[in-house]
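So that you can tell them apart, the chains are marked A, B, C, D, E, F and G in the order they are listed, and the count of residues begins at 1 in each.
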Amino acid sequence: MSENARPLDLLNSAKGKVVLVELKNGHAITGKLIAFDVHINITLESAEEKRDGETLRKLGNVFIRGDTIVMISPTI
Amino acid sequence: MSENARPLDLLNSAKGKVVLVELKNGHAITGKLIAFDVHINITLESAEEKRDGETLRKLGNVFIRGDTIVMISPTI
Amino acid sequence: MSENARPLDLLNSAKGKVVLVELKNGHAITGKLIAFDVHINITLESAEEKRDGETLRKLGNVFIRGDTIVMISPTI
Amino acid sequence: MSENARPLDLLNSAKGKVVLVELKNGHAITGKLIAFDVHINITLESAEEKRDGETLRKLGNVFIRGDTIVMISPTI
Amino acid sequence: MSENARPLDLLNSAKGKVVLVELKNGHAITGKLIAFDVHINITLESAEEKRDGETLRKLGNVFIRGDTIVMISPTI
Amino acid sequence: MSENARPLDLLNSAKGKVVLVELKNGHAITGKLIAFDVHINITLESAEEKRDGETLRKLGNVFIRGDTIVMISPTI
Amino acid sequence: MSENARPLDLLNSAKGKVVLVELKNGHAITGKLIAFDVHINITLESAEEKRDGETLRKLGNVFIRGDTIVMISPTI
């Protein structure tokens, strides 16, 4: 862990990998992280809305507005 | 996937195509994406409010304020 | 559709025409669009609050704060 | 209607007149508009809280923070 | 009423006097207004939380964050 | 009371003393005020969550994000 | 306690240690604090969602958006 670690480092290292995104409205979305910016606006590829591990619906490519996001977690 | 991909790239490539827009109030709107700005304010053409795949009402041209948007997904 | 279309273009072209404004509190207002600014603060003339196509009350001239607005749609 | 009309023009012309102010918490306040700024912070004189046309209570002079305001309408 | 009246003028003239402060969470606080800034952060002295004219509890000196405030009214 | 009193003066004078902090989620926290900044982010030492004068749990050192704070009151 | 103590000092000293993070949606997350920025965006390692001391689920590495955070407390 570097002294100068920044929160966006985790998102940078997650690019191209599948992440779990939790939204303020309680929804959970998974998908491959394609891009993010300083507002934490993100785009995902092959995105799916999930509940309890089940796929509720497939979203394909999706832009998610940063201010609706609670957390982003790279999945293993 | 470019190293320098930005979230707005997805919106740029969706211009002129039909997108699904989900709002913080739970509403879903579809329509042809005409324009967007850095606040994610957008305008749609031939917009329709949807629920469970059904058209609730036709909105025609519509301006949607960015801070009410959860996500924008180009439909196939 | 121009490459450089901006969301505010729709509001500009709607000036002087009747628009439907939907608010975050669920209210719907119609009226002639007189002015708007970058915050999407707007003023309407001959404004009316509507529900299911019925006029609930007449508001006359009204200033609406931009951050309470979900969408603005020019009516036909 | 001028090409360059701005939303704050309506508030300027309402100075010294009685306005109806609707708040995000659902309250309605009437009073003589004394001042406003770019945040739509306003001050009213002889303000009264209203419900269904009835006066709930008299507030006298009052400062209202702009971000709590939905709309401001000059009354006739 | 001056042409150049500003909303903060009312707060300036209320300094050192008892004001009623209504908060977004529905609480009402009275107290002597000691200071305010452009965010409408305020400090009160001898503050009391009120409901229906009754004192719920005494707060003494209190700092109130501006973005929680709906309105501030000098009491007579 | 100085003409130039500022709201942060109260927080400055409360440094090193026990304060009561009320949050937008309705929680009440007490603790020794160690630091604050212009966003009203604060840190407390020996913090405890309180309800009706009872200690719900001990938090020790805690950072509280400013935009979750309603008010801060030095206790006697 | 230094005169010039700043709230972020507590977060700096908590780097590399386990912290408890409470969110506006009521969730509690623990994990090793890896990084934070001025928005209080943070990243945690070995994060777990907790309720009443029980682990609800393991999150691994996680980015948490600052504006969803109520407080951050280093655990002993």
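In this section, contacts are C-beta pairs under 8 Å (C-beta built on N, C-alpha and C of every residue); 3 or more make two chains touch, one makes a residue touch a chain.
In this text, all values refer to a predicted model and were calculated from it rather than measured experimentally.
**Q** Along the graph of touching chains, what's the shortest path length in steps from subunit A to subunit F?
**A** When the steps are counted carefully, the minimum from subunit A to subunit F is 2.
**Q** So, what's the distance in Å between the C-alpha centres of subunit C and subunit A?
**A** Between these chains, centre-to-centre, one finds 34 Å.
**Q** Averaging only over C-alpha atoms, locate the centres of subunit C and subunit G and give their separation in whole Å.
**A** Taking the average C-alpha coordinate of subunit C and of subunit G, the gap between them is 42 Å.
**Q** How many Å are there between the centre of subunit A and the centre of subunit G, using C-alpha atoms for each centre?
**A** Roughly 19 Å separates the two chain centres.
**Q** Where in subunit G do residues touch at least two different other chains?
**A** 67
**Q** What sequence of chains forms the ring when you start at subunit A and head for subunit G?
**A** Traced from subunit A through subunit G, the chains around the ring are A, G, F, E, D, C, B.
**Q** Provide the residue numbers of subunit F that touch subunit G in the complex, in ascending order.
**A** Listed in rising order, the residues are 15-16, 23, 25, 27, 29, 34-37, 41-43, 47, 59-65, 67-68.
**Q** Can you tell me which positions in subunit F touch subunit E when the two form their complex?
**A** 1, 3, 5-11, 24, 26, 40, 66-67, 69-76
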